[in-house]
Amino acid sequence: MRFGVVRFPGSCDEVDALQAAQLVGDAELLWYADHDLRGADAIIIPGGFSYGDHLRVGAVARFAPVMEEVERFARSGGPVLGICNGFQVLCEAGLLPGALLPNTSLRFLCRQVDVEVASADTAWTRGVALGERLSVPVKHTTGRYYAPDPVLDELTANGQLTLRYAPGQNPNGSARDIAGVSNAAGNVVGLMPHPEHAVDPLTGSEDGLKLFASVTRGAALAA
Amino acid sequence: MTVASARHRELGLTDAEYEGIVERLGREPNEVELAVFSLMWSEHCAYKHSKKLLRTLPTEGPRVVMGPGENAGAVSVAGGLACAFKVESHNHPSAVEPFQGAATGVGGILRDVFAVGARPIAILDSLRFGEPADSPRSRYLLEHAVAGIGHYGNSIGVATVGGEIYFESAYEQNCLVNAMCLGLIERDRLIRSAAAGVGNVLLLFGARTGRDGIGGASVLASAELGDSDGAKRPTVQIGDPFEEKKLLECSLELLERDLLVSLQDLGAAGLSSASSEMASKGEVGLDIDVRRVPLREADMEPFEIMVSESQERMLCVVAPERVDEVVAVCEKWLVNATAIGVVTDTRSLRVFDGDALVGDMPVTALVDECPLYDLDPVAPSVPMYPAPRRVLSGGEDARAALLALLSSANLASRRWAFEQYDCLVGSRTARRPEQADAAVLMLADRSALAVSIDGNGRRVAIDPYRGTVEAVLECSANLACVGAEPLGLTNCLNFGNPEKPHIAWQLTRAIAGLGDACRALGVPVVGGNVSLYNEGGGGPIFPTPVVGMVGELPDAARAGRLGFSRAGDAVAVIAAGSWAPSLTGSELDKLRGEAPWGALPAADPGELRALHAAVRQGVRSGALHSAHDVAEGGLAVALAEACLAGGIGARVDLAARGGAGEARLFGEGPGAFVVSGPGESLRPFGAAATVIGEVGGDALEVEGALSIPVAELASAHAGGLADLLR
Amino acid sequence: MRARVLIRPKAGILDPQGQTVERALPALGFDGVSHVHVGRLVELDVEDPARLPEMCERLLANPLIEDYEIQTQTA
Amino acid sequence: MRARVLIRPKAGILDPQGQTVERALPALGFDGVSHVHVGRLVELDVEDPARLPEMCERLLANPLIEDYEIQTQTA
């Protein structure tokens, strides 16, 4: 299993994501300006502040050359994970429903939170049990998930809510405590929490590793 | 003197200094030269009032690989690496515009670290403001400074792992914003800033140059702030962390590919300072054509271009045949790069505007020949600072006193602030804020670095010598609590106007204390910064030396924690024989409205060095399950904090440790730790350790003094600051 | 041609920035203020103003969460 | 009365957002765009529009680094 981790100007967590992926497979960085996924089997759009979060989070990165390839890959069913800024980019790119708005506190918040697995049917959550609690950190200013109510109902009905903040732990005012969503096919997932920062008990938790392992399991099943 | 020359006073030069410049040039300086000299000979760049004192600090040690004099100092650490680090102030800019001031302070210290080739891995911040409960302005400054630090550090992807905040009315008019950065680099790849190689090209890369901070170094950094702060605003610099992120990655790639002869950041005094420092260190000259500098505003004068403090810029020296490669790397990172000059053998900084020579200054005159001044220290005979507003009347019992302390601005939880910082990026933060006394950063071989920053200005105000010794001891104690051994130290000396005798006394005594403590502990000073003239209409700030100390530990998994963890563990106080806590200068005294005046307990740094080594060993071996040093608020607060961090109570009896009188409970003074662990694990400490009780239950009980549920401690501690900042 | 694009949060979407301003104003002695919303302003020189709506749809605004309005002025 | 405050970075003040947008537009095929600046928009109902300049100075804008312009429209 080979992961490609996209690096935009202003990405911050790409090396963390790379190292996390390397715990379960091979991984390399993909340069934003290249039209090339270098044969990756799974793509991670990492956290950070691509293009300085200028104008609107994710708005500029979504047009980077590499994103054309990511879109093609995603639409052909390839597993794509957007973390934090990566989630924002995938929403802007139309690969995921909804949008991310400023936290109700309007402040950046870095905090370890518990999230519950709301769907174990995606490429990135098949290795975890439905309802399982994971301890992972959030760190963002713009993480309040929004979609119009009918869309939220539809996402709920389709099982596209992937992760939810545990009761009482919603850090940003997200609709329905949503911490992550997937596309209808389940191959594209966006998360505000950072599983790549939860792969070693020494730095806080290793629960996030299960998400990276999920996608390799999927690949094994498909093979 | 000519009419034109009267301007030197407005630029902060004395008549004698001006005459010195005329003498060195052999003529009157023109506008460009006057602007450049006024900055290079400012307090900020020339350390006129501190340099002689700084020379007394110990700067050598077996682990020092780069001492003071370069952009950042560095010590050798595991795996063939060096850790480069430095602390710097951005006080005056932050008082004027706290968000941008604090943000660009972080930007500046990051550049100092990557200017030596190191990848920044951590930031710490040390902040001082007026009383938040009494002063809306202080709340405003706090809120925006913290947001600015977070904005810059978070956006650039460097973890902000620690810091400190104190509130005292002495900082009402002059807040302090100090930022520290640590970076890592392979030891043999550290790069210096000395320009070399006549004919080599001087390349400016990064952001375009605008009118940011024109006059900043001399006006903002050396003048006492008055009521007219607003009028100085147009000179404030604006930071762009996105630009700096690209600049950082680009600089590191240039070094990785060995394309540079030398590298230097642009900070205070912009191009003037960066270029003359590079030329001075390399004993060469530089010709610069300001016409080639990419500008944000077309109509800038040559002198403006030379002194602009636009952020996110670097200078490098490159062999002519490598210029194309350098430019290509810069383009890859969307960074502008422009050849603006050339290395010469003239030993002069020559400034051209196209073909016209508009400035010609001997480099040594600029960098080395600013007059240095002796201070005239006089100890004050009456208190220099007013008494703080009285919050407690003095008759309260231990329970009320402890709850008041925990919810006081100085001791309340800093969660409100540190949650605004990304402390995780880099995946090496093994101890985060409120988990341990020092931040712990794991290295690739799973050994770790630890870092702590400290400086209690109120205690330094009472006794500049002992107060400064305490700041050094406090950092060393913090490192001991995570099991780390100190490797080196950086410092930022924040003081008032050194031309005043009492301030001169504070500065002189503080630097003496700093040097003595460093020698006694065997910790070299590898760098630092001095910020003087921190005073306005309300008088001087508390003398505030801020100490940042870096240490190492062999196994990140064994890094200590401050919180009690296991019911049934013994709780002990480990203390030096000389430990003599007193209420003078304590937080409790402050809440009771006592002015900072009196005598601090003496400390014996030699004895404490051994004590710290013993605690360090206890933590490293795993014998101690928790370790926390007794500091602000005394033993009672240390016990409460250990309960809070662990979410568990404790029952203790202080009869064997001097009783539960106020001075024992709340008195302060260096030399004690609260630890927990299996009873037998305390044996190696001998007489230094006194078992006082046991971990367990859901309350902190001190026999004969107080019993408070942990939940109640927690709400006092959590709300003290956060509630003021809703 | 100089143009301005005014971008605001769509009606019905929680606007904490607007709320914060609305709460802060009375505290400073400014009463009688309501319905505060905070959005974004983009100003630009554009050769072909006919393309502005497309620029807004694709980049400057996110139509799911934002409304926009274009103002043009001849220089 | 409905009012709008248009807030933009002062001339000469670094505007990183404007730079980013200016670079992004041509890449999307929108040429002929220049002098892009990104600022903020505040919309509000205000009883006494005469107080708007003061509100801008004290809260809505940061006069140190931003200019503002007030537009009022009767509802």
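Odds and ends about this structure:
Should a chain be cited, it is by its letter among A, B, C and D, assigned in written order, with residues numbered from 1 in that chain.
Going forward, a residue touches a chain if its C-beta (ideal position, glycine included) is under 8 Å from a C-beta of that chain, and two chains touch if they have at least 3 such contacts.
Just so you know, these numbers come straight off a predicted model, no measurement behind them.
Steps from chain B to chain C, taking the shortest chain of touch contacts, total 2. Centre-to-centre spacing of chain A and chain B amounts to 36 Å, using the average Cα coordinate of each chain. In terms of their C-alpha centroids, the spacing between chain A and chain D amounts to 33 Å. Each chain gets one centre point, the mean of its Cα atoms, and the points for chain A and chain C are 29 Å apart. The set of chain C residues touching two or more other chains comprises 40, 42, 59-60.
Each of residues 51-52, 54-55, 60, 63 in chain A touches at least two other chains.
For chain B, the set of residues that touch two or more other chains comprises 240, 242-243, 334. Remark: the chains found to touch one another pair up as A-B, A-C, A-D, B-D, C-D.
Of all the residues in chain B, the ones that touch chain D in their complex are 96-97, 100, 207, 210-212, 230, 233-234, 236, 238, 240, 242-243, 296-297, 310-311, 334. On the side of chain D, the complex with chain C involves touching residues 4, 6-8, 21-22, 24-25, 28, 30-48, 51, 54-55, 58-60. The part of chain A that touches chain C in the complex is made up of residues 55-56, 59-60, 63, 92, 98-99, 101-106, 144, 146-147, 173. Those residues of chain A that touch chain B in the complex are listed here as 9-13, 15-16, 19-20, 48-49, 51-54, 107-111, 137, 139, 194, 196-197, 199-200, 202-204. By the touch criterion given at the top, residues 16-17, 20-21, 24, 27-28, 38 of chain D touch chain A in their complex.
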